[in-house]
Each structure stands twice: as structure tokens, then as C-alpha cells.
Amino acid sequence: MKPLLELRHIRIELPTRRGTLLAVDDVSFTIGEGEVLGVVGESGAGKSITAAAIIGLLEPPLRLAGGEILLDGARIDNLPPDAFRRIRGKQIGAIFQDPLTSLNPLYTIGRQLVETIRTHLPLGDKAATARAVELLQEVGIPGAAERFNAYPHQFSGGMRQRVVIALALAANPRLIVADEPTTALDVSTQAQIIALLKRLCRDHGTAVMLVTHDMGVIAETADRVAVMYAGRVAEIGPVRQVVKHPQHPYTVGLMGSIPSIGDTLERLPQIDGAMPRLGSIPPGCAFNPRCPKVMERCRVDRPDLLKAHATEAACWLHASISPGEAARG
Amino acid sequence: MADAVLRLNDVRRLFDVSAPWLARILSGTGPRMLKAVDGVTFEIARGETFALVGESGCGKSTVARLVVGLYEPSSGSIEIDGTDIASLKTRKAQAPVRRRVQMVFQDPYASLNPRWRVKDIIAEPIRTHGLIRGEAAIRARVDELLRQVSLTPADGDKYPHAFSGGQRQRISIARALASEPEFLVLDEPTSALDVSVQAQILNLMKDLQRRLGLTYLFISHNLAVIYHVSDKVGVMYLGRLVEVAAKADLFARPQHPYTRLLLDTVPDLAMTGRERVAVRGEVPNPIDPPSGCAFHPRCPFANERCKTERPSLLAAGGNMVACHAVQEGRLPPWGGAA
Amino acid sequence: MLAFILRRIFQAAVVLVAVASIAGLLFPYVGDPIGCLLGQDARPDQIRELRGALGLDRPFYVQFWHFLSNAVQGEFGLSLRQGAKVSRLIGERLPATLELSFVAAILALGAGIPMGVYAALRRGSFLSQLFMTLSLLGVSLPVFLIGILLILVFSVTLGWFPSFGRGQTVDLGWWTSGLLTRDGWHHIVLPALTLAIFQLTLILRLVRSEMLEVLRTDYIKFARARGLTNRAVHFGHALKNTLVPVITITGVQVGSIIAFAVITETVFQWPGMGLMFIQAVSYADIPVMSAYLVLVALFFVIISLVVDLLYYLVDPRLRMQRGGGGHGR
Amino acid sequence: MAVDVRAGVVRRAWDTDLAYSFRNSPVAVISAIVTLVLILGSLFAPWVAPHNPFDLSTISLIDAFDPPQWIEGGSPDFPLGTDEQGRDVLSAILFGGRISLGVGLFSTIFAVVLGVTAGLIAGWRGGVIDAFIMRVADVQLSFPAILVALLIDGIVRSTLPHDEQDQIAMLVLVGSIGLSGWVQFARLVRGSTLVERNKEYVQAARVIGVHPIRIVVTHVLPNVLTPVLVVATIYFAFAIITEATLSFLGVGVPPTEPSLGTLIRVGNGYLFSGEWWITVFPAVTLAALVLSVNLLGDWVRDALNPRLQ
């Protein structure tokens, strides 16, 4: 089966005066029809930049320097700007982190919805308005018809994020790229928004790329998860496998360092050090200075994703498991 | 509990959020006060970690700032080591008491002056209180503090921008320790950090507490973190404490419906497939909180009494709970989240 | 809304009273008009007589009260130099200044705002770089120098436009207009251009930087992510949000045209209030100076009131928050 | 050893982002050179200038209205020609530049000191003091700076006897231009102070128990100065323009010590009779000076803007 979205060897560069840095380095993954892919990683791992590249909104001076992005098997990364614009909103919707700043404060939410609908769908003003109200109802805005003419500042944070979701879904896209959709919200609101997103995408058959640093959100929402580290995918696989049986030492450390209610640990298992800055990524495996299982090879050769039990991990520990794969490295 | 390091008695803190006077006169509204902290009472015993948990706007950070003296309470009293801070009138008189209470802030990027070298940042409390005389001695103490938080003396000569978030938080901790405090207020010290770094900082805090015999007031919105670090927990909602209990009791037998709601929202990392109660509504505007029990519009167990009469914090099942439903015994037992 | 307007009017009144008070308080102490009027070798009895006639021998507070109560009625006494009523002098000079300022303001706004928008949207293009270079030149050239250069080129060298005076005017009874004759338009070109260039460059730079600021916001990024056309994003969303800060500062700029008219009028011998003020300053003609100051303050207050009202119309957050008991967030 | 340290400092300064952006901006380099040449030329005018325009014994009316040397009738003695009194235009420009730069510099310093102090106090203390300072600023802001300067200048001028006026004319100019400009610094600093005051490093200093005045001076002040530097550069250019304008209007420096503005005003009278050089050369110098300072200001603003880095 052809995947809905496919990233092939994506490379995103950040030119600076001290040379060109690699913000994202050789990232490949796919998202299937209706699938929820969680992308998790610490700040600076490149997950948000990857998301921005998919919707074609990399902020200069960041630039897509290599690789291909395919939607339904057709390349979209090399489309002219206006053709890419037609895909945004229509095929790929987006949700950003901060609902307080995502909406234009000077226009009513109704106007912003109708505008989006009419940009992508052949509907008249009346029909678009009706659809907008319907959408507001669907995302759980009480009194949708009356709130249609309200301005963003008249909504609470959670309600605004619902409006943002309605905007992202306005033209029934097949994929939604959600970049930290709950980070700016209160914990009790976060749960509501995640539940809503899950329900809507299931109902509409929309695939989701869910970018977050919160492993808990991924565990509850995603089908598969990609763990990013220093601009690369460290491990990717079914969410249950990655959470319960992580294969990459980084994922192991990451999962171990999350405190959980009910544990009896006096100290949390910790990974020493911090993720390297873009300018100082070590040669070989980027994780090697922090890795408890580092080998000589890790300092020289960079591992690609290798089959590791039920997941794929970019780690030489798994080279022995599939020798054929390792030979390439 | 004889040896309470910190005691808050019915502390209130209001902020004036009134419209300009002319607008008030024309629209016929009176002055509006935001009750950021509305009658909070608790005490912290020596060597223990007391955690305050709640969502944004619940007043937990205001409590932290009241304790360290960044705000004055509008009413009520704050005692440190049995001394009522308000009884000390001058800055000078307060200084020896204040020195013993220090704070670590949330944002590792904003909490260090970007134009100061790390050694000067850490030495500031030492110089301010004249704890050590002589530059060489001060430098030696700074180096010792840097080592204490797992940094190197060479780091003292750098500026904050050379450090990652976790390292900056270590510098913040070193600065707080420089005035030889016995009590630290930790205001969301790890919420701006990545999880792997969070674990490092939490471990460091625990090590320091054990080694130096520190007492902590730990503030966070993350229940898992609180579970990991605390001995006793207070749950705040709209400026009031709704439940206070020992950690084991609170997590095993949460009484207040809001505590239960919070526990219910903790993501299920173990993926047990547990069905959870749908959470209703959002935190209301603290400027005009709901009447009676502030939680009643979101509470599945609210009745007429809850809408009019404000519950007070009373003992119930080993916990202290402010809830009519709990006191009337009409709350179902907790099904258990984690 | 009402409270907002009332507060602004109240503040405006405070400004006016403050300016009038400063004018009234300072001038009795300032200079000695008698010396100017009678010359160095006047006899003491002549001086005494003139002081009495002008009311300068009365106690200070009587003079001040006199000044204030007259000022409220628009009466500022007699010009010490010309012996004519100040109100009449101003009545004669006001139309010239207002027509000049009006034409200059139209030029500055009409060209400055579109140029600023263009420079922001087509950053890096040849034309926008040309605009920016020219604008820097405009900011760097003192107004009087622009005037001199224009005279040098268009009057002295090319002989296209006259270099001084207002030309032929039409007397409408209460207003003498130069805008109704060909000759009048011929005369206003150079002074209006002089006055407009400096303001135009400021407005251009302001609009550009505000627009760039807005283009960086999350809601613009989100509008792009919704797939809206560039046209809708730029002129629907960005421009309106740019207006909010631009209106405020443009108001101040337009107001300062009146002040810069002082310089322009001097260069072009334009028979307006500014020229009258400069002459008054060099003769310590107190009534004329104070009248001019109060009048300028009045213009400013009116302009800032208009600005506030515009601001109010553009921004729904202002419209809602005051008035009733709307919730901020 | 000492040389090593200094070389290290230079190398580190050369390696900063600021120096890098300077080296890579031809506009910044050129405008810095122009500014430097004009400043040095004015500073050392008595040694650099071919004549002393104030030494009456060297001036002869016979030399009046000489055109620049490359035009027929010009003389190599007066490279840019002479004015109506036979003074060398080039020398007059160099000496006039001293006045313009001096007034510009000192009035900028005056405005910065006054504005930064007022802004710090208003932003830090808040409440009634803040409201008072800001209302005063509002009222003053409703008058354009040039009018305020004109007014202050006019008032002082008319309260003083004529013979004292010329002596303190410079002081009055510096005072009036400085007083008309403090507002923008005060507003800027107040705004940043309000932001910095709530930042956690300031709160940390308060928790430590540092004295408030010490906090303002050692913590807040260094962190609000960057935008002040940018605005001060641009204000320096504006102050030069204002001085020139006032002198042009005849209320600036006395004609015995002409600034660039005075020179332009005097020359303006001969524009129609064809002696364009008397006004054009001072005008070009003034424009070049202000333009290069403005360009430098623009560059500093962009270079220090963290978002553009």
C-alpha cells in the first residue's frame, strides 16, 4: 500500500557565518492513510523544523537542501509556491503550539473560517457559513451559531485551540501536522484537546503527524512513534514497542528518565549531559558521548536505521541482529 | 509538629485589576480585586518537601513569591523559623531571616543576568550578605558551589549563554545555595527543561537535600514529578487549597473531585487502556471566580450547597479536604488512576 | 466606549491647559518687549507709559488670569510688534499654513504608506531597495536643506516653479485660498514637496518595519498554513494588523507637519503662521507666541483624538474590553 | 605578556558577531570611514584647515566670492572657493563641523542621561512617579522636538541680555536640544525596565536581598542599554540636524562662530546670484555627515537585533 506521506532523506540546512549547520540530517519516514505518527524529541532535535518543511513553511534562512517529500506518491517539495499553497489547508492542515497567537485578533473567528473554506472548497457564502458553524459544533464550541461572530480574544485558551482545530479541518485535509498542539494549555485542557483531536481524525479518517516533547501524549494518541535526536531519527516503530521495549540506548534513557506515579525509585535513571548544539554534533553516532553502551565504532561510523526487534533503531548494537543491513554502514 | 520551618496562616494576596476610575464611574462597577491567594494555611516541617500542585492561575506561584518576600501578603502571616516576617520592619532586620530562604526559578534563560559572568552571579549573595571576605576566599567558595552542582570551576569564567538549559538551572541552584539557606522555594524548576535533563535536576535536588538537610517548597503542575519528589502535597484551585495530604495518601486515596480530575489527566504511559472520565470545562477567570466552592461548575457532584457555601479545609480520611461532598459522604470511592 | 472617549477628551483638556499655563506663566518673565518696541535709548517715562498701556505693570497673577480667560475665548490680545489683534493676525495666516500642511500630509500619506507596504512585501527587490536608500536620504536631509536644494534645482536652474510666496489667492471672506487658482498650485508645489519628503520617508520606514513585524507573527504563519492566497494574507491579514501601530505613530507624524511648516515657511517665505512665529520669537512678541503655541497644541490634541478613534474602530479588543463586563481571557 | 593579552582582546573583538557583520557590510564600513574622516577633520581643524576663518587679519574682502579652484576665476588657495567676506569655504566647513558635532554630541549625551534616568525611575518605581513622568513626557511629545528646542532657545535667549547670549549660546543649544529629546529615551528605557523588572534574574537579586538601587544599576541598566545605543546613534544625527535647523532659522549659534547650519543660512542669500558654492558645500558636508551617522545607526540596529542574527 502506498503511504499517504513519505519523507525520503530530508536534509534541512541552516546557513550561518561559521558554516552551514544541519538542522535535520537524512530523515526518512512515512505516514499511512489515517495513521497517527508521533514525533517526539527534546528541544532542538529537529522535529518542529521537519513539520514546517512538510507544510512548506520553513522559515528562512532554514532551507530544504536535499531529499524528497511525497504526498500520495507525488513530489510536493519542488512545487512552485502557488501550487504548494493549494495543498496547504486542502490536503495538509496544520495546528500550531500557541492558540493565543494563531488567530488574527482583528477578525471574527467566523470570518477566518469562511475565508479558509472558500479558499479551498467551491462553496458560496451561505454554504460556507453553514459549514463553518457545523465545524464549530463539531469541535465542541457551545452555542456555535452565536459565537460565530465573536473575536478570538473572547475565547479561552482551550476554546481557541478548538477553533484552530476547526480551521485546520475546514477543507477536510487528509493529513494534519500538529506541532505541540497542547504545550501551551493547562493540563486539564490538554486532555480534552488530545481527546478531541483523536476523535475527529478517527471520524474523518485524517492522518496526523503529532509533534511533541511529551511522551505521555504520544503514548495515548499515536499508532507509531519516531524518536528524534540531534536532527536524526534515532528510533521508529509501533508506539507500544517503543514505549515498552525501546531499542536505542537514547530511547531507553529517555523512557527511564520520565517519572511516573507509583514508582518507588529514590533516584531517576538519568542520561548525563545534554543533546549537542547544532554546531557541535560529534562524528559517528550523535549520541555516543552520552551513551552507556558506546563502542569504538560509534565514534567513527554513523548508524542508519537498523531493524531492532519490533522497531527500527539507528544504533550499532543492532548491527549483529541483521548483518545484511549493517554491511551497508 | 514543633519544628516547622515555614508556616502560613490564612494568607491572602489581592491584586488590583480595576478599570481606570472614569470607566468605573461610567459603567457603575466598583474596583475589582484579583484574589491570587485567598486564605491559604499550611506548614512545612524541617527536612521535608512540600509540593504545591495546580493549573496556571491557581496562585501557586504567588504563594512562592509571598514566601520569599517578592510580594507582601494582603492579610495573614508568614512565619519563618517561628518569626513572623511582618514583625521585622526594616530591610536590614529582615535580611538575616530572608537569607535563609532562597528560590530557584522556572525559566533557566531569564533567571540569570546575561551580562554577568557565572562566578559573579554565584558570588552575588555572598557579597551582598558579606558572608565571606576577600576575593580569593569568595572564588574558592564559588568553585566549591560549582562542583556541588556538578559543574567545573572553569565554568565560572563563562557567561550564561555558553550553557544549556539544564546547566543554567544548576547555576541557579548554586546561586541559591551560596547564601547558605536552609529552605528553598522551587518554582517549577524543571518545567522548562527536557525530560532527560529534568531527571538530572530532580536527582541533584534530592542529593542536595540529603547532603545539606534542606527543606523544600516544590511547585509544579506535573503530578508525576510531584509524586517523585514530595513528602506532602497541597492541591490548589483558584487561590485556595482544596486538599492537603501526605503523598502516599493523596495519590492512593484522592478525596477532592479536583484532585481526582488532575490525577485523571495524567497521561497513561503504561498504556493500560484505562477509560477515563471526560474532564469538563476549563479553569475560570480568577478575577471573578464562581460563588461557593469555586470548583462547582466543573464538579460532577455539585449541589445547591456547593454553589452558595464555601467549604473549608477539614480532615477527611487522613487528608485535609475542602469539599462538601466529601464531608457529607456522598462521594463515591476513588477508582484509582495509576 | 464612552468612558474611553471621555477619558481621552479629559486628557486632551489637561494637555491644553498645561500648554496654556506654560505659555501664560513663562511669558511674563520672558524678555522685555519694551526694549524691542522702543529701542535702546527710550526715556524712562516712555517705558512706564507703554508698560501701563500693555498691562505689563500689573501683578503677575492678574496678567496670568487675564491671559487664561482671554485664551479660552480665542483672544490673545494685541501683537506687541504690529499692534494688531493677534486673533486677526492668526486668522490671516492660518489658511496658508493649513493648506500647505494639508497638501503635504496627503502627499506623505498617499505615497508613504503604499511605498512602505511594497518595501515590506518585496524585500530585496530593486525597487524596494531604492525606496529604502531614498528614504534614508530623506531622513538625513534637514527640511531646510531639502527646500534649498529644490529651489536650486527647480527655481534657480530650471525655472519651473517659483521659490517664494503663495501666489494668487482667492478671498472667500473667512478664508483665503491658494488652491483655487493655477498660480496658487504653482506656488505650493515646492514647499509642499519639501514638507512632505521628510514625513514621507518616516512613514515609509515605519510602515515597512511594522509590516515586517506583523509578517513574522504566528497568525500570519497560520494563515499561510491554511493555504490562503498571498493576496489574502498580505492585504487581508497583515495590512490591517499593521494599521494598528501605524495609525498611532502616523498621527504624531502628521501633527509634526505643522511644526515643520515653521522651517518650510521660512525657506519659501510662505505667509503662514510658522513664519509669523519665527518673527515673533526674534522680537519676543509674547501674545503672538503664546497664541501660536496654544493653537499648535489644539491641533495636536485634535489629531490624537482622531487617531484614538480610528484605533478604536480598527481593533476589536479595545471595542469590547472596556464598556461592559467582558472577560479578558 | 601584556601585549599578548591585548592581542587576545583584539582578536576576540575581531571575532565577535558584531565585528563580523561590520566587516561584511560595505555600507557600514564606508559610512564609518566618512564619519571618522569628518570627525577627525573637525577635531583637528586648526591644524588641517588651510586658513583660520576666525582670524580677521588673514581675511581680505578682495578674496570674496572666489569660486572653487576648478572653476575659472578660482584659486588653489581656496579649494572650495570663498564666501562674501573672503573666508575660505573649506576652512569654514571644518571649523563649522566642530560646532555641529560638538553640539550634537553633548546634546545627545544630555538627552541620554536625562532620559535613561527618568525611564529607569519611572519603570522601576511605577505608580504615581511613573504616571507623573510619563504624563510630562506625553505633553512634551505633543510638541515636535524642533518646536520645543525653538521654544526653550527662544525663552532663554530673550531672558538674557544680548552680550551674554553669545557666550552661552552653545550651552543653550545643547540644553534645548537635549531637553527636547529626553522623552524618547525615557519611554524606551521605561518600557525595557518594565520588562526586565519582571524577569527572573531581577527577582532573584531581590530574593537574595540586594539593595534596590544596586539592582537597578548593576542588573537592569546594563540590560536596557542596547536599544538606547541604537536610538542614541540616530538621535545624534537628529541633534546635528536640529542644531543646523535652529542655526539656519537664526536662533542657533552666533554668527561669529558659524556651524554648518549658519554657513548654509548665510550662503542661502547668494543662491540666486550664482554663488552656489557658499551654501552647497556646507550642505553636502552636513548631508554626508548625517547620512553616514544614520547608516551606521541602521547597521547597529540590524546587527544587534537578535532576530536577524
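Here the chain labels run A, B, C and D in written order, and each chain numbers its own residues starting at 1.
Note that in this section a residue touches a chain if its C-beta (ideal position, glycine included) is under 8 Å from a C-beta of that chain, and two chains touch if they have at least 3 such contacts.
The structure displayed is predicted, hence computed values, not measured ones.
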item: Labels of chains that are neighbours to chain B and to chain C; value: A, D
item: Pair joined by more contacting C-beta pairs (A-B or A-C); value: A-B
item: Chain centre separation in whole Å, for chain B relative to chain A (CA means); value: 32
item: Inter-chain centre distance, chain B versus chain D - centres from mean C-alpha coordinates, in Å; value: 51
item: Where chain B touches two or more other chains, by residue; value: none
item: Numbers and ranges of chain C residues touching at least 2 other chains; value: 327-329
item: Residues of chain B that touch chain D when the two form their complex; value: 65, 68-70, 91, 95, 98-99, 101-103, 105-107, 110-115, 124-125, 128-129, 172, 175, 179
item: Residue numbers on chain A that touch chain B, as the complex places them; value: 42-43, 156-159, 186-192, 195, 213-217, 219-220, 239-240, 243-244, 253-254, 256-263, 265-272, 274-275, 277
item: Contact set on chain C toward chain A in their complex; value: 217-219, 221-230, 232, 236-237, 240-241, 244, 314-317, 320-321, 326-329
item: Complex interface listing, chain D residues touching chain C; value: 135, 138-139, 141-144, 146-147, 150-151, 154-155, 157-159, 237, 241, 244-245, 248-251, 261, 264, 268, 271-272, 276, 279-280, 283, 286-287, 290-291, 294-295, 298, 307
item: Of all residues in chain D, those that touch chain B in their complex; value: 199-201, 203-211, 219, 222-223
